[in-house]
Amino acid sequence: MNLKITNISKKFKGFELKDINLEIREGEFFVIVGPSGAGKTLILEIIAGLLKPDSGEIYGIRNKKIGFIYQDYMLFPHLNVFKNIAYGLNIRKIDKDEIKSRVENLALKLEINELLQRNVANLSGGEKQRVAIARAMAISPDIFLFDEPTSALDRNSRIKTQEMFIKLHKKTCSTFIHVTHDFEEALSLADRIGILINGRIVQCGKPDHVLNSPVSKKIADFIGYKNVFGGSIENNTLNINNLNIIVPIERADFAYVAIRSDDIIISKNKIESSARNSFFGEVENFFKKSSMYEVILNVGIRISIDITRKSFEEMDIKIGDNLWATFKVSSLKVFKH
Amino acid sequence: KNSKKNEILVLHAGSLSIPFKEIAKNFMKKYPDVKVVLEAHGSRTCARQITDLKRRVDIMASADTQVIKNFLIPEYADFSIDFTTNEMTIMYNEKSKYSDEINAKNWYKILLRPDVQYGHSDPNADPCGYRTILTWKLSEKYYKVPGLFKKLDGEMPKKNIRPKEVDLIAMLEAYELDYIFIYQSVACQHKAKYVMLPDEINLKSPDLSDLYRSVSLKISGKKPGEFIEKRGAPMVYGITLLRDASNPYLGAKFIEFLLDKEGQKIMRENGQPEIIYPNVDNYNKLPEILKKYFKKR
Amino acid sequence: MKFKVIFSFLGFLLILFIGIPIVKMMISTDPSTLVLTSKEPEVYLSIFLTFRASVWATIIALITGVPLAYLLARREFWGKKIIEGLIDLPVIIPHTAAGIALLTVWGRNSLFSKATGINVIGTEISISIAMFFVSVPFLVNAAKDGFKLIDERYEKTAITLGATQCKAFFTVSLPMVKKSIISGSLMMWGRGISEFGAVIILAYHPMTAPVLIFERFQNFGLKYAIPVTVLLILISLIVFIFIRIFEDK
Amino acid sequence: MKFKVIFSFLGFLLILFIGIPIVKMMISTDPSTLVLTSKEPEVYLSIFLTFRASVWATIIALITGVPLAYLLARREFWGKKIIEGLIDLPVIIPHTAAGIALLTVWGRNSLFSKATGINVIGTEISISIAMFFVSVPFLVNAAKDGFKLIDERYEKTAITLGATQCKAFFTVSLPMVKKSIISGSLMMWGRGISEFGAVIILAYHPMTAPVLIFERFQNFGLKYAIPVTVLLILISLIVFIFIRIFEDK
Amino acid sequence: MNLKITNISKKFKGFELKDINLEIREGEFFVIVGPSGAGKTLILEIIAGLLKPDSGEIYGIRNKKIGFIYQDYMLFPHLNVFKNIAYGLNIRKIDKDEIKSRVENLALKLEINELLQRNVANLSGGEKQRVAIARAMAISPDIFLFDEPTSALDRNSRIKTQEMFIKLHKKTCSTFIHVTHDFEEALSLADRIGILINGRIVQCGKPDHVLNSPVSKKIADFIGYKNVFGGSIENNTLNINNLNIIVPIERADFAYVAIRSDDIIISKNKIESSARNSFFGEVENFFKKSSMYEVILNVGIRISIDITRKSFEEMDIKIGDNLWATFKVSSLKVFKH
């Protein structure tokens, strides 16, 4: 049965979760992604039935086993790691040996097998998080509700855990509702993504689609478009700071255009190609990332360009260099707000 | 407090509370710069305050003059004045079962009815308690019903005993008991109904002391497990001035006031008449101002 | 540093205040008297009776009071403040008055007695009733304060893991406030043991330790009252320390 | 659902158990008597005296007992269990015995009195002393349990933010256990009010409310004792409810 | 004065912090990075004096104002957001107006200005974290100790917060000791990085240096080298699964070689160049990341190659395609364990 969330609203002083409508297919891996304070935790709590919404209904959750992972873990302080993980199994009066083997199995997968007899109070942040994940997984839920389950993990553990989630999802056919503030994580996990900003689901769709077609400036900002410019468009041209950018729509009183940093090519000489936007400017700054460089080129407006470490080194880029930036009209996204 | 001048501390038996309060009030009216502080306890507890807790007390008045003689003389006090008497009665109230039938002749029959609950205070702890036992024993003789004492004693469950007479009143007022054995003065002061018992059994009359002496019971002695025999005797209240009194003179003045007309009048009004021939245990040690009451004899 | 010294000093004053009278009382009794006293059936029976009656009161309080404490800590409802006030009341009612009030409810003429035909006055049950009445607020309040300090989401977590509300209570909330409840139970148990005024109205016999001590004081003096007291204190102290050590496990 | 019903039922039993005697006592008094009683100087003076003496005891306990509770909750040291046991003891000591023990320490013949020349027996001070002794464990234990449930790292955080240990205590630890301490103070205050056995040994005069109630009962019977009791209960109830409401602010 | 940590050890059952030696210059931005459970929080607590080490000394911390941010925030639950932030200022008895303006300023910077009157209990995870940061910053500490201060933040907030840290660091000249499990974050913040693995500082140095020259397999794994192969080397050649990789050292009984995924070029045809390692293989799998693709090529061994989204699309890579992978000898790192 699908999980259907209809018209959920919840109002607080200073924050409102408004008219949330979602239909999550049975067995789907759905990721809700949004900035801090967007209402992600609230939605999960409402779905889990831990918080009563002001209005709206949720269908398809009754009698389902739920695996909820709180953002702050909520490990039972009076139980050790083993007993925390085994809690849901003990409640179900499962055979002791069975419990033992299941818990140890999970612990092994999550690399917390050496902590099983430990007190939960003095675990490290990441260890706590993994215990919380194990505890939720132990009961083989029909629906997983994960509240930022990887935020305290280092990259390797995170990737491992993500891989585990994907495997688990394939194996169990459970519905996964996963909350994260990390769009990258959403991309690599989700069947579908819902973007939550300021208490509203602003876009919902396949990862690819969301990534390539954000429908508003806010979303583009959130999912990492660094180049977003607003202005009026006439004759397929957006004029901004005396710069004429050719865009794929003909006219608009006001619109935003956005382009991803890695959709822009940088070169010493002007590239003659089908790419119709080409601007000359000066390198203002650059930032080193682990596998690439971000270059800020001032061509009248500041644009941010990602290039590989290799190209960066080959081109020997320095602040003050004059370079060309080129991009295709088709890689520009346009939206009204 | 003992450093305060013109203050006297009077420890007295609970049953003397009301008359003593009034006497103290009038006394203080007469001597406005004197303050009388009254404390009520069980008679034995009063004595324990002095002997065990080493309280500095001016006057102690007991419901049984024997308490003063046994506990205080000669270490803490020199004499004991018998100053008033009292009598045993059966107190009850409207809700008591068969209260409309009971009188001095049939009380024991009514008490022995199976649905009637009666009680008395602890003979070991409270003079009123052992006096009840003595009354029952005298009744057996007086009403000529052999085995009456055994019956009265046996029919009454131990749970109907309370340490002090006031605890019994609580039981009566909560309708837990129908009848309790208590001093007439207490019944009178509580404005309760009571059965007047014949002098032969109520332990009031000094004239009948020989009769009273014919019965006895055992109560606990100086230490746990030890018993002493208590013989029947007319009910006599004793009062004494403690040797360690902080204000011996004022103390004597208070006793004087009590023995004098005004004091005796108050006592009488509260159901505790004066003894016709007041008695003192140790005339020589009496403060001078008190001697006059006993010279007459 | 200064802070620690001042705090230790203030605490020390309190310990002296409590300790000196107790220690003085203890050392005023020579051990041989203590041994003798402990062998008197009247004494040990009354001490056991006291402990037992108070244990019963505490058990009943755990069964009824802890759920109430939980509701008071977790729910909002009309009249809650009044109930909280009511629960506090037995603490301030003078003991004799409490005894009398209980007598009217449990005595021979009470509805309870008339309905059931049972008369509890003068039995061990009535002793427990008196103890319960005067001491149950200490347990309820300790438990309530404990529950209040526990994040409700722990219970919610347990529920998502498949626990019923009931299971969540017994496996999560209760163990988490275990210390508060043990502490409250100890206070309640101890408070019950010491009760005299209310107990004596409901039952002079069988004699609880405080009644026996009072009786001995009155009839035989301090010399015979103190050893019983010291015995009571020593046994209780052992129980207290034992439970305090045990509770950390 | 079932859980809620059972819990409410159990709690309800407890409320009945406590409520019926109290309510019964209250309704047995007609309001006019109550008004009359409240106008008697002897009555209102003794009630105020009782409240005042217990407030003093509670204040002293806050000053000395809360620091002790803090140390007991936070530090480990040799003999801690013994001190904890000792602190619990006054709770179980029969009240008369407690009074007698205090008398030997504060009385006319005590070192204290001889050294200072002050005799506190029979004064308001001695009433506070008796109240303090029998009721301080309730405050100390409530505070201790509260401190135990607070993560020590909050204090550490305050210290990194520049607070001294002392400041951290007053600005962080103390406010965080405020509820436990208020609750403990209320219990202590109430327990002090009700004390009879120990108080009467140290001070028959000035008369506290329980002594007055006892005396009235002894001399005139229930009819005169109950209105004073009801008055005491009503005023206390108001105080309790008021503080319980206030504490949530 | 420099902060000198000498021979710090702390032993628990199951975990040991061993012989930590660090010298952190005054005003340096030092980042301790390590996987979950490595002992990062413990080190910070020891530096802050909140935890007593079993042995070792710390110099240069006395009388310094410390801004400590706990991983789980430790916001005072009895104070509202404003009062939490103002705590350290109130303690110092600073003028009310001054406090107000300072707090509001900070709140504005951290975008929590609308929460100032809120109860801290029902803040979102990221909001709590920002309040904790503001509280520590308010007292203008001499030494900042940050325990994963950005883990609960979404990417944009994180970047903003990181930028704020950098500005703050420039402006205040305070010493920053920053703990994170995110190597990327370490790179973009640190003057120097210390890598902590399993209770030991295993490498310490400039970000660049650490990134390019990990000294062990563990470190290489941790900082994201996906291609690490072990074997014996003879004649400048590592033979593994019949594949001969030419390496920059002549011989070793056993050694690891590692190469970054973005140091490998992928092509349809063999590239004739100075890069002396070139292998032919089949595409086994690929993963989409937000700005690139990771391709797993089986050339006898599985190697992971990062390519830009653009190249990926241009080459139209599919599973089963046969491609060439080429890399330079000089981009291979070699280490013994």
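The first chain written gets the first letter, and so on, giving A, B, C, D and E; residue counts start at 1 in each chain.
As a convention for this text, a residue touches a chain if its C-beta (ideal position, glycine included) is under 8 Å from a C-beta of that chain, and two chains touch if they have at least 3 such contacts.
Keep in mind that what you see is a predicted model, and the values were worked out from it rather than measured.
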| item | value |
| --- | --- |
| Contact-graph distance - origin subunit C, target subunit D | 1 |
| Touching subunit B and also subunit E, the following chains | D |
| Top chain pair, ranked by number of contacting C-beta pairs | C-D |
| Length of the line joining the C-alpha centres of subunit A and subunit C, rounded to whole Å | 56 |
| Inter-chain centre distance, subunit A versus subunit E - centres from mean C-alpha coordinates, in Å | 20 |
| Distance from subunit B to subunit A - Cα centre to Cα centre, in angstrom | 91 |
| Contacts with 2+ other chains: residues of subunit B | 53, 170, 173-174 |
| Set of subunit C residues in contact with two or more other chains | 96, 100, 104, 214, 217, 222 |
| Interchain contacts (touch definition) - all pairs | A-C, A-E, B-C, B-D, C-D, D-E |
| Subunit E-touching residues of subunit D, taken from the complex the two chains share | 151, 153-154, 156-163, 167, 171-172, 175-176, 178 |
| Residues of subunit B touching subunit C in the complex | 42, 44-45, 48, 51-53, 95, 117, 122, 124-125, 157-163, 167, 170-171, 173-176, 220, 222-224 |
| Subunit C residues within the subunit D interface of the complex | 2-4, 6-8, 10-11, 13-15, 17-22, 24-25, 28, 61, 63-65, 67-68, 70-72, 81-98, 100-102, 104-105, 132-134, 136-138, 140-142, 144-146, 148-150, 164-166, 169, 179-180, 183, 186-187, 190-191, 193-194, 196-197, 209-210, 213-214, 217, 222, 225-226, 229, 232-233, 236-237, 240-241, 244-245 |
| Sites on subunit D touched by subunit B in the complex | 100, 103, 107-109, 119, 121-123, 201, 204-205, 215, 217-222 |
| Complex interface listing, subunit E residues touching subunit A | 12, 14, 34-41, 71-72, 114-115, 118, 122-127, 129-130, 148, 151-157, 181-184, 187-188, 207-208, 211, 221-224, 260-263, 287-292, 306, 308-310 |
